[in-house]
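Have a look at the structure that comes next, please.
To keep things simple, chains are lettered A, B, C, D, E and F as they appear, and every chain counts its residues starting from 1.
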Amino acid sequence: MPLIHVSLFEGRSIEQKREYAKVVTAETARILKCAPEAVDIIFEDVKKSDWASAGKLASDT
Amino acid sequence: MPLIHVSLFEGRSIEQKREYAKVVTAETARILKCAPEAVDIIFEDVKKSDWASAGKLASDT
Amino acid sequence: MPLIHVSLFEGRSIEQKREYAKVVTAETARILKCAPEAVDIIFEDVKKSDWASAGKLASDT
Amino acid sequence: MPLIHVSLFEGRSIEQKREYAKVVTAETARILKCAPEAVDIIFEDVKKSDWASAGKLASDT
Amino acid sequence: MPLIHVSLFEGRSIEQKREYAKVVTAETARILKCAPEAVDIIFEDVKKSDWASAGKLASDT
Amino acid sequence: MPLIHVSLFEGRSIEQKREYAKVVTAETARILKCAPEAVDIIFEDVKKSDWASAGKLASDT
């Protein structure tokens, strides 16, 4: 607790995910007042052809 | 807002997802009374070996 | 299969959800080529103070 | 109903998922008092580089 | 890891959830070969008017 | 895009969620290189009796 699930377009590097995990865990612990050890983050890469906004696939825009 | 997350067996074509995004966004805007621009749809393809109903993997049935 | 999870601001009526379930199930069956009996839809009402876009809670905008 | 979504590190075999689906469906039906036919389980394999605990990617530990 | 998210109709007792957590954690650890300490389960109660199957809200059936 | 879903124990204040949305949106935009306008965050409050770790409900510990 807490659990953070991040859906994002595929293509981010492991370095970006590593920095994101470090920074967001620290901010989560600070603002929500929990131990950093209690924070889990799961990244879910989504293809542009699997994400639609305003009725259009992102791969079509 | 709203966010629509669709879990489905893998194998649908991009054409099907494109039509689905268009039609479901329009119906969502019409029925839930929101702007089409506010509708996000995320598709998540699931392998038949990752979905079980009634205790059996779909890949076994 | 498929499973459709809809996150939306609270305040929609049961009549809207009823129509939405009927229409979206029919379109899902038609476009994704599955039986209507196989379609599940779960609605998750979200408070405006629990949804942020562009860094602001919707309840603050 | 119920729907069970299991996020786990990739690498489990189909045999493990098959046994898991069978056993957890039976226990779900027994404890929550529903028909086994009503139980759906979806597995989501997660790469170690997509799961962070305590601010570190699991692939780094 | 693993994370188990259970969507179920509201109305189950805390005693049922307590037994479910105990039993499913033990089976998860046994079958997926992980430590019981690593297993998280989140229950999400869903109202019958928020779950549709085959195009009908469960509250209408 | 991206979408961030945060499951947390109930009891955090709106002020905490407001600060969290602001800070995490800014860090998301900075690290993942996207527009802040593209970031959505949904908070899901979970009761302690609906979250189990290591086989025990958090409300029992």
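General observations
In the analysis below, a residue touches a chain if its C-beta (ideal position, glycine included) is under 8 Å from a C-beta of that chain, and two chains touch if they have at least 3 such contacts.
These numbers were taken from a predicted model, which means no experiment stands behind them.
Identification of common neighbours of chain E and chain F yields A, C.
For chain pairs C-F and A-F, the one joined by more C-beta pairs in contact is A-F. Chain E has its Cα centroid 20 Å from the Cα centroid of chain C.
Among the residues of chain D, those in touch with two or more other chains are 3, 7, 40, 42, 46, 51, 53.
Contact topology of the protein chains: irregular, matching none of line, ring, star or complete. Checking each pair of chains for touch leaves A-B, A-D, A-E, A-F, B-C, B-D, B-F, C-D, C-E, C-F, D-E, E-F.
By the touch rule above, chain A contacts chain E in their complex via residues 3, 40, 42. Within the complex, the chain D residues that touch chain A are 7, 46, 49-57, 59-60. Note for the complex: chain B touches chain A at residues 14, 17-18, 21-22, 25-26, 36-45.
Taken together, the chain F residues at the contact with chain A in this complex read 1-9, 12, 16, 19-20, 23-24, 27-28, 31-33, 46, 51, 53, 58.
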